[in-house]
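Read through the structure below, which is laid out as structure tokens, and then see the notes.
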Amino acid sequence: MPDTLTNAALFVAALPYSQALGMALETVAEGFAVLTMPYDTRLIGDRETGVIHGGAVSALMDTAASVAVLSHPAAGGATATLNLRIDYMRPATPGQSLRARAECHHVTRSVAFIRAVATDDDESRPVAMATGAFTVGAA
Amino acid sequence: MPDTLTNAALFVAALPYSQALGMALETVAEGFAVLTMPYDTRLIGDRETGVIHGGAVSALMDTAASVAVLSHPAAGGATATLNLRIDYMRPATPGQSLRARAECHHVTRSVAFIRAVATDDDESRPVAMATGAFTVGAA
Amino acid sequence: MPDTLTNAALFVAALPYSQALGMALETVAEGFAVLTMPYDTRLIGDRETGVIHGGAVSALMDTAASVAVLSHPAAGGATATLNLRIDYMRPATPGQSLRARAECHHVTRSVAFIRAVATDDDESRPVAMATGAFTVGAA
Amino acid sequence: MPDTLTNAALFVAALPYSQALGMALETVAEGFAVLTMPYDTRLIGDRETGVIHGGAVSALMDTAASVAVLSHPAAGGATATLNLRIDYMRPATPGQSLRARAECHHVTRSVAFIRAVATDDDESRPVAMATGAFTVGAA
């Protein structure tokens, strides 16, 4: 992958909001990215159970998807989320890191299509899934 | 509105993740809630422009929607996000607070339907909108 | 509204699929459209109750949204559905016509944002709602 | 698969609306279904190109998803679409049959999660994808 794509992807993965939530880039390839986010008490969305807030899971998948789009050769080096659907299948197990795998599976003249899955240690049972449309090219 | 509903709504609005992002409950009524989130550099999702990350906007609308569901008399005092679609219309203006208005407009035996809108100071041009389905009743 | 917009809108409202389902254009204005679809046994999606299939309701809202986009001055006279979320609130009452109101509420360089609502005779309780993104400009 | 599940699935696949659009059930297994729909001029959504209307593609995926839910042992023999997101990647090639593969990949106490893909003869490049939530159990 050309350095420019790698750089764009790294840039997005290191944004203030991503850093505040503790995200780290694990893998990036053409149209594909994996991000992780360790368990942290600040991310809790249910005091009784200690389960992470869905919004944090969503942000992780959204960011992974942005990196996947930026690393796609047809995306033109810039992107923004147009819309995103998140499905929450089950609460993430408290204490476990989350991992989001995102794939940019189709790119048109104006839009990139993405899919993402978030898992905790039990990778056979996803915590959440995302489907979205992102802009491509210079804003 | 009965105190139990108010309490449930306040409880959700005061979760660690909501607090970490700086959310505050402005209004709560039956099936309706308004939350605000001041601009903060930790929420930035674009270094060059200082624009807040879409994931933070999404989390604000998701939380407002949860409060709206909890404050609906038919929702049974407990809820979780099943799925959520977010549409991003424009970047929030850097430096301005965000406000999310959420409405629980329909409740069935098993699911609550919500809509939410996020605005900055220019309330005539929404920053983002959300549509979602939430669980109702004891988990 | 310029005749070209009206024509484009009429053109879409008169497509074979729309005609096969019995749709008729009731109102068109800048960024706004209302389509109706009479009850018909061919549209049934539940034999026991005679309720219309959700897919027919969805097609009505999708088409109304296309007409709303085409009649928006910023849309450039051509459009296609990128993605659409449909929420089904209740079964349409058998025997009653359906009406879909669609609004194109925001248009960017590449994408039009739409909302639509489908009702039967009881207009206070929507049957379904739609949120979508459509392409704008020449394909 | 128990006969009751098969019967419920067959029942849905043979509804008036499905029949009007020419759908046929190709495969059904636990939580999985494949439906086909031959090209037909009544399904056209673009007169110039002869491309099938997105609403017909959507109805095919929605129906395939319903059959997938009904054939899932945990779904309780009855279902209705709560919400559905459709992403349209490209126009279906005129003259070719469409095939929708749907999977019910997760079922909770109240909701079934589904995914579906629609293809024409070029199965390597999907025409559209769907993600949805369906009710489970007696209505």
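By written order: A, B, C and D. Residues from 1 in each chain.
Criterion: a residue touches a chain if its C-beta (ideal position, glycine included) is under 8 Å from a C-beta of that chain, and two chains touch if they have at least 3 such contacts.
All values derive from a computational prediction rather than experimental measurement.
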Copy pair chain A, chain B: interface residue numbering same or different (half cut): same
Measuring between mean CA coordinates, which chain is farthest from chain B? D
Would you mind pulling out the distance in Å between where the CA atoms of chain A average out and where those of chain B do? 20
Can you compute the centre-to-centre distance for chain B and chain C, using the mean CA position of each chain? Integer Å is fine. 28
Quick check: what residues of chain A touch more than one other chain, meaning two or more? 82-83, 85, 87, 133
Chain D contact footprint on chain A (complex, rising order): 85, 87, 89-90, 106, 108, 113, 126, 129, 131, 133
Which stretch or stretches of chain B touch chain A in the complex? 11, 15-18, 20, 41-47, 52-56, 58-59, 62-63, 80-88, 91
Chain C residues touching chain A - in the complex, by the definition given at the top: 82-83, 85, 110-111, 133, 135
